[in-house]
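The chains carry the letters A, B, C and D, assigned in the order they are written, with residues numbered from 1 in each.
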Amino acid sequence: MICGLPGIGSVAWLAVNHLQKELHAQLFAEVFSPMFSPKVWLGEDGVVGLMKGEFHYWKNKPGGPDLLLFTANEQPYSPEGQYELAEVALDLAHKFGARKVITMGGMATDRLAEQPKVYVGATGPDLVKELEAFGAVKLAGGAITGTNGLIFGLAKPKNIPAICLLAETPGYLSLDANAAKAAVELSARMLSISVDLAALEKQAKENAEVVQKAKGLSRAFPREGKGSKGGDRELHYVS
Amino acid sequence: MICGLPGIGSVAWLAVNHLQKELHAQLFAEVFSPMFSPKVWLGEDGVVGLMKGEFHYWKNKPGGPDLLLFTANEQPYSPEGQYELAEVALDLAHKFGARKVITMGGMATDRLAEQPKVYVGATGPDLVKELEAFGAVKLAGGAITGTNGLIFGLAKPKNIPAICLLAETPGYLSLDANAAKAAVELSARMLSISVDLAALEKQAKENAEVVQKAKGLSRAFPREGKGSKGGDRELHYVS
Amino acid sequence: MICGLPGIGSVAWLAVNHLQKELHAQLFAEVFSPMFSPKVWLGEDGVVGLMKGEFHYWKNKPGGPDLLLFTANEQPYSPEGQYELAEVALDLAHKFGARKVITMGGMATDRLAEQPKVYVGATGPDLVKELEAFGAVKLAGGAITGTNGLIFGLAKPKNIPAICLLAETPGYLSLDANAAKAAVELSARMLSISVDLAALEKQAKENAEVVQKAKGLSRAFPREGKGSKGGDRELHYVS
Amino acid sequence: MICGLPGIGSVAWLAVNHLQKELHAQLFAEVFSPMFSPKVWLGEDGVVGLMKGEFHYWKNKPGGPDLLLFTANEQPYSPEGQYELAEVALDLAHKFGARKVITMGGMATDRLAEQPKVYVGATGPDLVKELEAFGAVKLAGGAITGTNGLIFGLAKPKNIPAICLLAETPGYLSLDANAAKAAVELSARMLSISVDLAALEKQAKENAEVVQKAKGLSRAFPREGKGSKGGDRELHYVS
């Protein structure tokens, strides 16, 4: 199972939505609950939609792992709701016999990386090492807040091996397709599946152009503040 | 079933109360709950009243639809309470075999319209089109917060066709009878029922006079701020 | 049953505690609950006490009504908790066959009255009139927040006749014994019981002296603000 | 049972962790719950951990009391959660037949004491006196907030004798090992067990050096504020 709820840079949400679209995964379950915000949204056609979680299923070729994809259009607004949704996701993972749970997220850094690092935490040291071999960087210390972190953490007492992948994101992007691409790439490598990344690459390129323009502006009209120094020591927020 | 809880301009509350009075609908159920504020109110006779929801029933002439009217003297104060009250209303709608749910609300715009537009969202594109034929304007995108929105949204997974009508209101009126009138008129047209609008018209006229006076004052003592530019692009808040 | 939880001027709390002490009522039930604040208090002897509600019982002479007294050392901190505690109190009132529920409170006014008025609201117009005959002033309109109000309001759908007595209090006194005295006096008159008021009178006199001193000070060092105009139209807060 | 959750100066948390390590107590139960914050933490090895409570068991020599140690890596974030966790701890104390419950905490004072006083409150006056004989100072009045206080207070209606030990701490230390040492020393004396205090002493010495440096700095660059006057009358916060 791969889980990704909205968070910093919407990294996880973008990543899981991309997988769902590219793999043509089938919607098979929805979660409506008072743990979500008391609001509804309307599509361009005037049709209403609820705040909800969605589970999609993807049948792999024989021999490869099938995938359960879980995402939602928001994080539950209350702390108890975040625990509850994490439990809902893990119950379903258990029911479908998921052998591994991957949750994703963004890690805010001060730099805009062309090749964002993907940090990894896991339910055991062997899993951390396995992911390091696939190019992830060990997350040595820190805290992960929100549902993406809880799904991963609550998997441990349930004895479901779980991994959390956090892609570097500069924090000021609301939709960081480049970070999402990095997280998807690493997941695909680990699962030995192939995923077309063109859509994320296109969006990432558009983002980069917007950022370049903004930088040009900010050079002309500089604000006071901390510069972009890059590197691991700049990490200050994990979600 | 027609639902309208207090919100912007009290549009929905005014509309449903007007229908209840004009149609002489009968009170048949009340909802008391800790989801409402921890307070009571007193009438002019010193008799206490609780914060509550009320259901009224109206028996139509043979051939026309009977009506269930739902309103409350406030929105539940907590998000979970808003979900809970929406469920209570829909359970009752289901129990009475309601064929359609209409919720109402106000949509804050920067203009005070003489003929307020009524925007429409629905549980399906056919319903949107049906309402457009009755003069409503499609609500293409946006979010609706609060119980009025949730009743409408939660009707969808329960397979109850539902419509949300949002009448334009300038936002600074606490009781916008003119917007309520627009919502009632459109509902009546759709349901082929006739409703006397005199009471709402009278109140609307009084409002208009108060606003004229206030405008006179503000011309004499102008405040800084955004002018009333009108038009669809001014929409900034939906409730 | 007479109920009084802490509120403005601690009027109700003082009144019920006074009744309990003067009548030598017996403690027979305590309510501990997470609806109270997460704290404990310590007596002068270092012994711990919990936030709680207490029920005392007083056996009247034959022919007169027995009394159930309910108070607590604080109001539940959450709105749901206030509803819950009100239900607990009314359940017990029902179990013991209480024929009438009297709740008390303070009503903040801008004047410090020597003879504070006692306002009354009730579950029916007859009760209001009955209390007016005993010297209470009808509370025509307004809202009563908190548990004292909810006990009174929730008695109505349970068909328990209930009265709410709100004694005038200037708002700046944390323990207004004079207002409490007025509430106790009126209750005693209504119930045809005799209660020694000496302790409340003594405290009220001490309060009055403190206020006189403070007024002396404030005359010497005047602050800007609204003067004490007195009269009904000054009512601005009810609890 | 000895309980200590994080609070002012982390006194209780440090004390119980010290006991657990020095006595080589065995972990035998963990509490995961939505009452904790919605976050997880990562160890240096990248392995995830949940917010949780932990129970350790220590088997004493024959004749001496065995110990149950309870701590958690945070206080539940909601008031209800604090009550719930206190109940969980006391249920377990009851199940294991604990004869006495000791909770710990810090009491903020304005002085940095070399020999911090340990204040005591208890479920009965005899226990207070017993602890005074061991060198504790009676806590005459005041309130104790949070789970440490609730475990102690809720023990009373359950008829479990309980003691709360609050060690003086200056409030500006996040980890006051000296205060923790004082609490551990007194507990050990009362329980007739011997505990090596070297680790706490070492940390306390390091703290003292940091404080000395800071004082040197603040002498060079004095801030306005209240001086450290010491003594009981300076007590202003208990937790």
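Convention: a residue touches a chain if its C-beta (ideal position, glycine included) is under 8 Å from a C-beta of that chain, and two chains touch if they have at least 3 such contacts.
Just so you know, these numbers come straight off a predicted model, no measurement behind them.
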Compare the two sides of the subunit C and subunit D interface and say whether they are made mostly of the same residue numbers, over half shared, or of different ones.
different
Maximum centroid distance from subunit A, chain identifier (CA atoms):
C
Cα superposition of subunit B onto its copy subunit C, rotation angle rounded to the nearest 5 degrees, comes out at 90
I'd like the Å distance between the centres of subunit A and subunit D, where a centre is the mean of that chain's Cα atoms.
39
In whole angstrom, the CA-centroid distance of subunit B from subunit D equals 55
Note the residues in subunit D that touch 2 or more other chains, in rising order.
none
Between which chains is there touch?
A-B, A-D, B-C, C-D
Partner subunit C, residues of subunit D touching it in the complex:
79-80, 82-84, 120-125, 128, 138-147, 149-150, 152-154, 156-157, 162, 164
Within the complex, subunit C is touched by subunit B residues 30, 32-34, 37-50, 77-78
